[in-house]
Each structure stands twice: as structure tokens, then as C-alpha cells.
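Note that the chains take the letters A, B, C and D in the order they are written out, and that residue 1 is the start of every chain.
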Amino acid sequence: MNTLRGGPTQPEICAVSLAKLGVRNGDIAIDIGCGTGTVSIAIAKTAGHVHAIDMRSEAIDHARRRIASAGCDNITLVEGNAVDFLKHADTIDIAFIGGSKELSVILEYLAAKHVRSIVVNAVLLETAALAITEMRRLGIFSEAIHLQVSRSHDLAGKTIFKPINPVYIISGGSR
Amino acid sequence: MNTLRGGPTQPEICAVSLAKLGVRNGDIAIDIGCGTGTVSIAIAKTAGHVHAIDMRSEAIDHARRRIASAGCDNITLVEGNAVDFLKHADTIDIAFIGGSKELSVILEYLAAKHVRSIVVNAVLLETAALAITEMRRLGIFSEAIHLQVSRSHDLAGKTIFKPINPVYIISGGSR
Amino acid sequence: MNTLRGGPTQPEICAVSLAKLGVRNGDIAIDIGCGTGTVSIAIAKTAGHVHAIDMRSEAIDHARRRIASAGCDNITLVEGNAVDFLKHADTIDIAFIGGSKELSVILEYLAAKHVRSIVVNAVLLETAALAITEMRRLGIFSEAIHLQVSRSHDLAGKTIFKPINPVYIISGGSR
Amino acid sequence: MNTLRGGPTQPEICAVSLAKLGVRNGDIAIDIGCGTGTVSIAIAKTAGHVHAIDMRSEAIDHARRRIASAGCDNITLVEGNAVDFLKHADTIDIAFIGGSKELSVILEYLAAKHVRSIVVNAVLLETAALAITEMRRLGIFSEAIHLQVSRSHDLAGKTIFKPINPVYIISGGSR
């Protein structure tokens, strides 16, 4: 999950997640478990508006600073529960889920609202399995990928590769 | 390499390569070994102009059709040798190399022209090692990553992951 | 899963599974979903006896030929249901599960029989998650690994790596 | 490389390397850059004798303790240069190379001595490329694999996978 504990979403994970999300000009987006705001800022370059939601005040504080320094004026920060937000939300075009303890309920809301494109990042095996199972059940599953990135480091002028944590990227929606 | 033999650059590889390339509005870009044109089309969304080069007439034909159907009017197709093109080229801001038999010479030209951002996709171990060694020598090496993507397939309602070929993505330039 | 459909267990997967299994001289072993018999034959080099079980008569036929050609005389082939076998089985020291539709029930039997070492090979995400969850619940979970092997192929004198399907290897037991 | 810096060879890497090595009863083996002795001890279970070579006295000390505690009496420790050892060596059946700064010269000696089976572990891209190129040139190359292992860790009762460094395992010999 895209937790503060784990730090910001890695650039390669973010790039692939954005490609799967397929953001369009003017899209209304939500970023559930926005953490440091990395993905929200990336979405906001194309989307019309992003609602970045996190339960943790420290995440909201962190994201606020990064959003300000990125100069984004189309991101609204929401400190609180994603399900509460979804209960009262109008149209949502795309949804990124970097972390949530209520994944099943959230996916049900997103399916009911006919959200066009949904991407879940999961580092936990159980979360990946749950996301796929629920999205299949709701008829909104497209694909999952397992992404393993290793980065080069210099070792006395030679090249050693050190891996970052693998992630499951699950995508779907009412496409 | 992004050869016709291998088919178009896979979307995840393309997304990460684009992120490493860091295309900016108005950039003059070259795509060496453009193959089916997938990466050129992706770059052209942000760049000012893309020169898509390939020695193989079947690649140029293939790319021409895909570029037309994508509606891009800022891509010039060049059937021929990348080194010949580079000899007479003016400013180049960014360069993507999906395939070439003259990688060392090309990298020397790109370094001499102070190309801001260079990304090489390599599926061959020897090409990856050569790209890194040459870019280190020329003082234009930033980073290499090894990217392993596996995609989900349905197996009687369950999820099996099938891997695509791993690729090395080497990046650098006069950043 | 180690199905006939998928062919024999790949040598690297087999080597790591055997290492996790930790076969000892004289061990009584079972191989559930034995398929072509590859893992049974490997276990039989150290174990006292191996019961190789598969529901599919074509698997049993295939394994019989391979076991004969390997010259193993300490493997018994069992065509039938693994749960039926476990109901009447005496001591079992180690168990390899390459495939089964009744994984939960099998794991319960293996836990009840205090099997020292259990290794499950899973290519399905759902099977991996189920194996881990059930083994945790039964107090017999040690570790899971995700194994991604790519093999070199010659491409005009250079080296391309082609991946085989990734596999989860889950291990535990009453160690 | 199997350096002390990097700690002992990981069990999965060791298991696959041993499988590629194909140790036979009575084999005379050498382990070049033996480090902590992990691979030597594994080879010694089947081989007739193992010569474990390392230039670093701290490696030899470390390996000595581990070999003693493993109760192996068929491993000779050699503190010094592998090339010097090879100059005067008689028959060698199998060779494992976990680390060396003179890989090319060593491979030439091993080819000249018709060593049946050679396995090189490389974590550096340049070492992997060099090993493959040299073994191809000497006519003793069989195969290389890229091995990526991730291990499960418990995160609040769920399962996160953390990767260990990927390794190239290059094998060949006068088979």
C-alpha cells in the first residue's frame, strides 16, 4: 500500500499505474489512501480535479506541502474515511486506490457509480487476491500485473541491481 | 530491442521509458529504431517534434499507418541510418533508442550534442552492459533499471501470471 | 500447479522446492498432484519412500514411465484422491503439494499428522493466498517465496532472457 | 559475487547453483571465492573433495568455523589466489565461482582442464556479460539464468514480499 510508512509511490510504479488509469482531460479523480500525494500530483497534470483522501492527518500534512510545492491547484485534500466520501460523492471518472482497510466496500461503491477506470496498488498478497476477486464479482476486472523493478547501483565502477518491493497493479472499471 | 520481430513496445515498458525520458513541451525528440512507432506516438503527445528513424522499410510502413491512425502531425519518419541522421541534425533535446547496431557511435553523437535526456531499451544483456559502459565513459549515465512485468490471465476463474520478456531501461543525458 | 498441462516442474523450481522441503534419509514422503513425477524422483534420491498421488490416469502413466527410466524403486504410484489416501495413511514426514483442488482439507490432515515439512507450489494467486492463510491458521506456516526465473537464449550470438512462469513456493510444517 | 560483504549465498541461489552444477559422487570440486563456505559445504555432501579458495584471510577464518560446525572433513581451505592454485592443480571435475577479479583467466584454465561442470554466480551485470562472452568463446557455455527471489514477511497478519538481490547463474563446462 501507498502508506507513509512505505514512503512515496516509486516512480516506475507510479508511471505504470498512471498508464493503466488512462487519465483524460477534465476527469474527476479520487486517490484513496493518497499518502504523500505523489499519485494525486501525477493525475492532476491531466485530470480536471483530484480528491486526495487519507485518514491520517500526517499524510494530509505531508501531501499538502508537496502539492503546494508542485503548484497544483486542482487537488482537494480530504482527511477522513473514503467510504464516507463516496457516500456523498457525485460523478467520479477514475479512482486510484493506494491503500485502504475497506477495499471491498469501496470497490462496490466505485462499481455502483460506474467509475470508468480503477487502479489498485497492492503490496500484500491478500489485498491483491481480494481486489481481483471482488472486481471479478462486480464485473469490473480488467487485468492485474506483477511489477518487479530493480535499480542499478555503482559498485566500484560496475553495476549491481537492487530490487524494490514488487507490487501488484490491478485495473478495471466500467470501461 | 523494439524490433518489428518483437512487436510493439509493451505498454508498461513504454510508460516507464517515457517517465525516465521526462519529455517536456516543445522538445525536439528522436526515436532510433522506432519499429511500429509506439514510443514515437507516446512522445509526440508532449514533444514539439519527433524524428522516428528506422532502417527497415517495413517498420517505416507500419509506423506510418499507426501514426496516421493516431492522428499525430508532429512526427517525421526517416527511413535510413541513425548515424547519418545525427551527422546533420540540429538541436535534439531527448533521444529514445529502442534498437541499433551502432549504439556506441550513436551515444557519442548524443553526448556531443548535449542531448538532455537519453533512454535506451535493451533486451540483450550485452546491449545493456554496452550502453551502461559507454554512457559511463561519456559522463552521461544516470541509471539503469531491470523491469520484469507479469500479466494476469484467467485460468478457470482464478489468476495465473505470465511474464513478458524482461527489459533493461538505461537512462542518462546531459541533465 | 504441477499439472500435465503445464508440463514437468522446471528444474530451478524443483531445486528450490527440494531445498525448502529438507528431505532426510529414510523420510516417508507424499507428492500430491505428482504429474510427471519429476519432484517424486528428486525426493526419492534421499527419502526412504515416496507415495506419488494423482487423480489423472494419464499422469500416473506418464510418471510410471519416468520413474522406471530413472530406476527408482522407492516410489509407489497412487491413482486417486489425496484426501482418501490421507485418511488411511500412517506416518508421513514430508509432503509436497504440486496441485490439488482440496488444498484446505489436505493441509488440515497434514497438520493433524504433524508432518514435519510441507511445501506447496502455486502458480495461481488465489492458491498462494489460500495456502498461506490456511497454514497460518493451522500454525504450520513458515515462509513463502515468489520465484521468477528467466533463461538465456542465443540471439545472433548475443543473450536474451526469456522468463518462465513465476511460482509461489509456500513452506511450513510441524518443524 | 559471494563476498563476505554480501554475506553467505542465499539458500535459493545455492540450491539452484547446485542443481546446475550437477555434483556427482567422488567429484573433485573447487569453490573460487568461497566466502563463508556455504556453497563448499553444500557441494561436499556429494563430492569426493572440495578445494575452497579465497584471497581474504577473514573469509578463510569464517569458512573454517562453519565447515567445522558442519562436520565436513572433505574440504580443504586455500587462502590465496585461484589462478596460482589452478596452475598446479590436477584433475578438477566441477568448479563453482562465487567471486573473482580474474574471471577470464580462470575460465581459460577451467576450459583447458576440461572441467565437466562450471557455475558462475554474478550479481554484477558486467561480470555476467563477461562470463557468458568468455564461456561462449571457449566453447564451454551452456546457459545463463536470471533469478529473482522475493521472500514473504508478516505485516499485521498479511503477507508482503521483499526481494533479495537478483543474481545471474551462468553454467557450462566440457559436458
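A few points about this structure:
Simple rule for what comes next: a contact is a pair of C-beta atoms (placed from the backbone, for glycine too) under 8 Å apart; a residue touches a chain by one contact, two chains touch by 3 or more.
These numbers were taken from a predicted model, which means no experiment stands behind them.
Chain pairs A-B and A-D differ in how many C-beta pairs they share in contact, with the greater number at A-B.
Compared with chain B, the chain whose C-alpha mean position is the greatest distance off is C.
Looking at which positions face the partner, chain B and chain C present mostly the same ones, since more than half of the interface numbers are shared. Look at where the CA atoms of chain A average out and do the same for chain C: the two points lie 37 Å apart. Averaging Cα coordinates per chain places chain A and chain D 42 Å apart.
Separating the CA-averaged centres of chain A and chain B is a span of 27 Å. Residue positions 125-126, 129, 132, 144, 146, 148, 150, 152, 159, 161, 166 of chain C each touch two or more of the other chains. Across the complex, chain B meets chain A through its residues 11-12, 14-16, 18-19, 129, 132, 136, 143-152, 157, 159, 161. Taken together, the chain B residues at the contact with chain C in this complex read 123-127, 148, 150, 152, 155, 158-166.
The residues of chain C lying in touch with chain A in their complex are 125-126, 128-129, 132-133, 144, 146, 148, 166.
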